[in-house]
Amino acid sequence: MTALLPGLPPSLPILGGGIALLLLCIAWRRSEARAILIALATLLLAFASLWWPLLPWPGDPTGMLFVPDGWFTYIAALILLSSAATMIMAWRETGTSSDEFYLLLLLGTLGALVMAGSADMVIFFLGLETLSLSLLGLIAWHRTHPTADEAAIKYLILAGLSSAILLFGLALSYAESGSLRFAAPSLDGQEGPALPLAATALVLTGLFFKLSAVPFHTWLPDVMEGAPTPVASFIAVTSKIALFAALARYFAGADLLRPDAAGTELAIVAVLSMFGGNLLALGQSNLKRLLAGSSIAHVGYLLLALLSPGPFGLASAAVYLAAYAAATSGAFAALGGASVPADIAGWRGMFRRRPALALAMAIMLISLAGIPPAIGFFAKTYIVIAGVSARRIVLLVALVASSIIGLYYYLNVVRAMMEPLPEEHRAARGTPANAGLIAILAIVTVLAGLFPETLVRQTHSLLQPTPIMRQASLRPAAPHDILYRE
Amino acid sequence: MDALLLPLIVFCPLLAAGILFVSTGRMPARPSCVIGAGSVGLSALLAGRLAAGFLAAPPPTGALHVTLWSWMQVEGFSTRIAFALDPLSLVMMLVVTGVGFLILLYAGGYMHDDPDIARFFGCMTLFVAAMLVLVFSSDLLSLYIGWEGVGICSYLLIGFWHTDAANVAAARKAFIVTRIGDAAMLCGLLLLATQAGTLDIAALLHIVATGPAQLLPTTAAFLLLGGAVAKSAQVPLQTWLPDAMAGPTPVSALIHAATMVTAGVYLIARLHPLFMAVPAAMTAVALVGLVTLLLAAGSALVQTDIKRILAYSTMSQIGYMFLALGSGAWQAAIFHLVTHAFFKALLFMAAGAIILRVHHRQDIYQMGGLAPAMPGVFAAFLAGAAALAGLPLLTAGFYSKEMILQGAWHANPLLWAGALLGAFATAIYIFRCVFIVFFGTRHTEPKGHTGATMAIPLACLAILALAGGWMEMPDTIAPVHLLSHLLSPLFGTPMAEGPSWLLWAGSLVPLTGVGVAWLLWRPRTQARTTPEDAIARLARTGWGFDTLYDMLFVRPFITLGRLNQSDICDRLSDATAATARTGGRMLSHMQSGQVRRYAGWIAAGTVVALCLGIRA
Amino acid sequence: MNAASPTQALLLATILFATGLLGVLARRNLLLMLMSIEIMLNAAALAFIAAGARWHAAQGQVMFLMILSLAAAEAAVGLAIILRLHAAGRPTLDADTGNRLKG
Amino acid sequence: MSDLPFILFSLVAACAALMVVTRAVPVHALLYLVVLLLSLAGVFQALGAPFAAMLEIIIYAGAVMVLFVFVVMMLNLGRTDRDRERHWMAPGIWIGPAILSCLLLAALCITLRAMPPTAAPDTLVSIGPQAVGIMLYGPYVLSVELASFLLLAGLVSAFHIGRNIRGTGAATGEA
Amino acid sequence: MIALPALILLPAAGGLAAWLSDRDRQASSLSWWVAITTILLQALLLLFITCTAGWGHGPWLAHFSVPWIPALGIAARMDMDGLSLVMLWLTTLLSFPCVILSARDVGERPGLFHLLLLATIAGINGVFLATDLFLFFFFWELMLVPMYVLILQWGHEDRRRAAIKFFLFTQGSGLLMLVAILGLVILHQHATGILTFDYFALADTPLMPTAAMVLMLGFFIAFAVKLPVVPLHVWLPDTHTQAPTAGSVLLAGILLKTGGYGLIRFVVLLFPEAAARFAPMALALGVAGILYGAWLSLAQDDIKRLIAYSSVSHLGFVLLGIFSGSPMGMRGAVVQMVAHGLSTGALFVIAGSLQDRLHTRDMRRMGGLWQALPHLSSVGLFFAIASLGLPGMGNFVGEFLTLLATWRVSPPMAILGTAGLVLSAVYSLTMVGRAFVGPPHAGQGATHAPPPADFGPRQMTVLGLTMALLLVLGTYPQPVLDLSLPAPAHAAPQTEVPRP
């Protein structure tokens, strides 16, 4: 059995089982409470299983479909936690017959986990598309919202397009090397590097699309605006974490400091994302779109970490992912819990109406902006450490310049919340679960910012994705190796 | 004992100033006067006691040194708050406290119905204290405290009646113009401190005397001259003094006639070895003095405001002192400083008494025929005018001016000629004033009478203005050399006297001037006017310096500042912000909502990445 | 050179891929955009099969199967959304007009 | 192996793809798409992948296309739709996409030409269902499981979306 | 010494207490009393620290260190030398006018106001103490946030723009400094293999001249924005103008000084060679600041803007002093900072009071205020005179020493700087002339509003003490001069400084 399931981390079957159970439950009798309980329990179980793996990880990915190394464990923990946060956000927010919502969320989480841990193109592709298809259902969830369909169709077409491009890239890569391992082609010993580079470019398009890096980002604001708030959070957090993990894994063995096309493209996209995201958010009055822009910019910062190999590169990215996940989830939870239109005007005077909520929102925004004492400050510092350490001067300059733009719009929201409101009316409250979530995230954001040592130590040692050797294909390609011919 | 006395002389007025400032608005008029005048009087008494002691038993080093405390002590530079009493500062001390007391006494009468009298006396006593600091300091930097201190007091007092915008403007102008000189002086101090490592006057002069000849003395002397020129209202920084007459008359008497404006003379005299080391600076001092004395006398000839006449006269007289300094006649300069303090304070106070009586009018053409109405004031004014004109034998001004003429003759006969011309003009303008104000038809009926507090100082100063010159006489008349003798440890023996016809010339010229004035402005039936041609107009406006400066410096500066009021750097940062906002709009535009266009971006990005890959 | 070589097949895949892209970019009808995407997916599938043939391995066909399932699922969801759009006020299925999410 | 079928199917496929993209009537495009899929099945066969060719015909050209046909029928398109479609396909609109597509094509062709030779001989071997099956249920058995989740995700999504069509339609109809 | 972190925690805790004490709306002045108590306690604490400091045991007087993020070599390390002590005292002293005068009359939510005020002070104290570069940067950024909210909530009409400008400029330049800090840390790591943010360890980093220059510039720009140095000053006039009075006082009095402090502590002492090479440029910038600030100050109609530009001018002297390359200049710069803090802080108190009373800052609508507000005007006159650098006041000592130090390096620069003194007289007296003296403004008599209240005993006492401090600083600056020379970066305190 173990030979058949190479490297399978136990959290995946747990999730699969949970999905099956939920399916049965839905078939038996619909109940939102039971659905969320099962879903949360599944996530919790999967989370716990990260620390008690059934199968020891040998440390060598050869011949394995999954790489349950430290990087995966960490990312999986983040994915599971942020999924749980999404579920709590969605509690009583998604209307009737919402148990399927949790089913889809679980499916998406499964896809994300698969993607984060995959060592093989097939697996990666399946994870990606599982996530993508469940997202489609989630985005189009609200039948009464006129924008839901629009968001869904946009996502469908663009995701299809990018999937096709990604697939074509994978195919080229396979055609070139004969290996389905999910890793960037190594350029050593090649006569003409054009084909592997072209394949990488196409694959990167697919990854960047899902990561919503500029210029592949255009769908994100629209989709996030059209989707229900928890789903937007899911897109911005869970999906991005998984994709970033996969991207890091893809380039795990590659030397990104070398001025070849892949490194250059990554750097260009990083700079574009930093500026593009921040500038895009600058002009937004809708908070969801603003957060979309912000999340685009954060992808740029993360790419800087990725592009800075060395002792700090991915460790800083890991810390940053955690900070980003906490703050963005928190911001969306606050958005969901505020029960006001998600534009800045709706949030005016929030400090008078819902001081605690406004404070939490302010903490999240401050964290995203990278201002102490929130964790975002430390995380950004850490990324800059990595960048400086790798001497990524241009990228650092871009980070500094675009961060200044970022400060403006984050603080603009804070400012709006502080403005006095002519008429004092109290907005409806969100669910207690959501309020608890917001509180926990706010506290975590501040405490982690004040005492980041634990997080740093967690990420410091673990965290290089294990490189996947390209030549370690399942089937070495040679004529005599063809086992079955007609 | 003396070491305690010296700071105490400064401290008395300083304490009074403190009390008066703190109590402003609550203390009635009389106690204010008592505190103000009394403290200075006490200082004068102490100064007298100190002077007596000094003269009786001069300290062996020639000066009494008192170090109060170390002011700044850092690497390579230290300065102390330190006082020294030597003959020069002794003379100055007596003038400042003595004349100062008389003027404050007078002010008690002059200002007694002003609601802000406490503030007035506060500023006045503060001024006396600052002036004493200036005089006593044995360190150039602590001298600078007094130097700027008197400046700020001058500012406060010129603008004392602050509800009138003109007064405020005059005060500001006075301070700023002198501040220009002060800045030059500060540069000089910086240079000296850098080169010599100290600002202690004695040490500094020692270094100048013994040190290698270098750039230091020349530049420093000229920079310090800049400060002196501004403070003493000499060309080209003289424009503030006439406007400064906006202040109350006692202020004009004390600050803008007797003491502060002579600080420049004092400074140069104090640092005379430095200036002697630089012949060019000496020439410059003499020329500045000559030019000022002639220009100012010319302006005074055509003024109609009695205080402005006196102001131009002050400039002119200080020009004499500068001329003397530039000629190397140090004693003459100090002597004239002393006598000028007497007679010019007298003139101002007499003028103040007149102004008070004629309903605060200052135009001499609106007075006329006042001699019968106020004989005492007339007598005092006449005494002052005579001393100013330098009428022979009787007046103090005669002796000091003679000494200056002698010195100028020794330096350069041309200087002498110019000075003589100035003396001629002096006699004309001051007696023009006398004739117009006190003779002829009465245009304004005087009211009230001049009180005792005003009369006593007038009398005292009148006596001093006439008799004060007898402490120093030419050998031709009587070999009295009290002042020269006193100052000789500092300045050396005065130069020998010139031929005796010089004395005759110096005696006859003022008399001729009085005669000319009588011819032109003697009481007549028809109205007496001042000529109204272009030169006269130019002279009346102080030879157009104000207009020139206004056009050259003030206006461009203000205009450019106004243009840049909103700060061009700020616009640049705004432009950056606007760029960012435009970028945001462009990206929003990219977000057109059309899925085809989004797909286009994706495809374009892919194609570009592909092309990158192929090129690599 | 053998005409039916994997390289030639890859060339065909590329042509189909470009044509599909042309369709996605140029057509305004959502249905036809969806069809164009199907073309692109097919091109990718063809590329995988060609690559598999090049390496004489079965993995290309495994991937083909996965793509097939994706295409089926995506077509199902996509068509459902199109139907809903059609029913809910965008009967022309025009991708360019009627967008509320923008800016 | 004969070259002729490959070349023939390739040509047909390319032409059919172009037709799909340029048809004004969706049904025509759909039919060309079916032609494309069928000819692709031929190409697969020529490449030595008979199993893939069968699946292409059965599932793709069969099942998936039926879905499309079904939807096109439900949409109930008419002459006005065709005219509108023609109008949308004004020549100007093609310029940008064509440039992008051509660039992509050119770039990929250049890279393909630079494809290094493989260790394998340039002969084609046919890889039948058996090989695929062993591969699928051997090392890649997990992918089958995952594919089922993928299909489940698609199913649930499509179900949820599709369930509400009538409701919303009725709602708009009433309004 | 545990008292060092207490200096940061005490205001923070006091602020929280003030905030909580304002929960019930009845006792709105309770929070004010809490705030005053906090400041008093802080003063006592500082007195205690001053008394128990390790005098005579080397330049560093007190030390505190606990590990914070050991994985990255970050510690919560604080050290105090004379310079820190002077700046801390300045902070503490200026908190009094802030709270006693300005915060008393804040309109709504005084509790929050006091919280933010004290939080800013806590951050500033941290900046003056931290000797771990990460900790320093942490405080450096942290002190901006409450200030931002202060301006935003209690500022004047155009507060949004001002607040965001303030934040963007300071924070943005801070990011540059962050990059420079990390660059230094990484270079140190490359050279020695040790990852640390410790100030003393980093001071020994061997650096190539170019690298040192680049890093130095990173620090310099951040501090130059804060100081501010022309042309990076543009945030300052807007911010000062729009900030509430207490905010202006805090900004002008202390916050700007963190820039000067940083220049001394981090630019000059960490990169002595690079700073020396950069000195001519910095001197030129300083002179440009002096003249440009003075010039624009003269052109303003808004009294707060005028004072703000005068700050630009005054702090040009600080730059001159710091980069004159001699201890004398540095001492002069510190005195100038202290004196400017006192005088300009007081001027902002006065300008703020004027705005409270007249509801305008436009000097075209003032004039002749002396008659209605004699106390206020006389105090204003005093501080205007102080700010024009009259000898005998602290400002003169600072300006003289910096100019003297500059003269040794470059006489032309010193001459230009001296020219700034003339201009300072011009704008100071123009302000006095337009606002306090002269004929009363026509509009004032027309309104039948009750005459504005003059300064009462509370204001006069506090401002009187400030005057006294300025005078003492001007006539006997030796204690400050002795303290103000920063301890060298290489003389790290080995362990806990022994108690005397």
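When the chains are written out, they are named A, B, C, D and E in that same order, and each has its own residue count from 1.
Going forward, a contact is a pair of C-beta atoms (placed from the backbone, for glycine too) under 8 Å apart; a residue touches a chain by one contact, two chains touch by 3 or more.
Keep in mind the model is a prediction, meaning the values are calculated, not measured.
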Notebook entry, point to check: What is the graph distance from subunit C to subunit E, where chains are linked when they touch?
Noted result: 2
Notebook entry, point to check: Which chain is most remote from subunit A in terms of Cα centres?
Noted result: B
Next item on the list: Taking each chain's centre as the mean of its C-alpha atoms, give the chain farthest from subunit C.
Entry: B
Margin query: Can you identify the chain nearest the overall CA centroid, using each chain's own CA centroid?
Written below: E
Next item on the list: If you tally C-beta pairs in contact for every chain pair, which pair wins? Let me know.
Entry: C-D
Notebook entry, point to check: Could you state the distance in Å from the CA-based centre of subunit B to that of subunit C?
Noted result: 95
Checklist line | Distance from subunit D to subunit C - Cα centre to Cα centre, in angstrom | finding: 5
Check: So, what's the distance in Å between the C-alpha centres of subunit D and subunit B?
Finding: 100
Checklist line | Distance between chain centroids, defined by C-alpha means - subunit D, subunit E (Å) | finding: 69
Margin query: Could you pull out the residues of subunit C that touch at least 2 other chains?
Written below: 6, 10, 17, 20-21, 24-28, 33, 45, 50, 52, 54-60, 62, 66, 70, 73-74, 77, 81-82, 84, 88-89, 95, 99-103
Next item on the list: Send over the residues of subunit D in touch with two or more other chains.
Entry: 96-97, 100-101, 104, 107-108, 110-112, 115, 118, 120, 125, 127, 131, 134, 140, 143, 147, 150, 153-154, 157-158, 161, 164, 168
Next item on the list: Find every residue in subunit E that makes contact with two or more other chains and list them.
Entry: none
Check: Can you list every touching chain pair?
Finding: A-B, A-C, A-D, A-E, B-C, B-D, B-E, C-D
Item checked: Sites on subunit C touched by subunit A in the complex -> 6, 10, 13, 17, 20-21, 24, 30, 33-34, 37, 40-41, 43-45, 47-48, 50-52, 54-60, 62-63, 66-67, 70, 73-74, 77-78, 81-82, 84-85, 88-90, 95, 98-103
Margin query: For a test of understanding, state which residues of subunit D touch subunit C in their complex under the given definition.
Written below: 1-3, 6-7, 10, 13-14, 17-18, 20-21, 23, 26, 29-30, 33, 36-37, 40, 43-44, 46-49, 51-52, 55-56, 59-60, 63-64, 67-68, 70-72, 74-75, 81, 84-85, 88-89, 93-94, 96-98, 100-102, 104-105, 108-109, 112, 115, 118, 120, 122-125, 127, 131-132, 134-136, 140, 143, 147, 150-151, 153-155, 157-158, 161-162, 164-166, 168-169, 172
Check: Tell me, which parts of subunit C touch subunit D in their complex?
Finding: 1-12, 14-29, 31-32, 35-36, 38-39, 42, 45-46, 49-50, 52-62, 64-66, 68-77, 79-84, 86-89, 91-94
Notebook entry, point to check: Residues of subunit A touching subunit B in their complex?
Noted result: 153-154, 157-158, 161-162, 165, 193-194, 197-198, 200-202, 204-205, 208-209, 215-216, 218-219, 221-222, 260-262, 264-265, 275-276, 279-284, 405, 408
Check: Which of the residues in subunit B end up touching subunit A in this complex?
Finding: 580-581, 583-588, 590-591, 593, 595, 597-599, 601-606, 609-610, 612-616
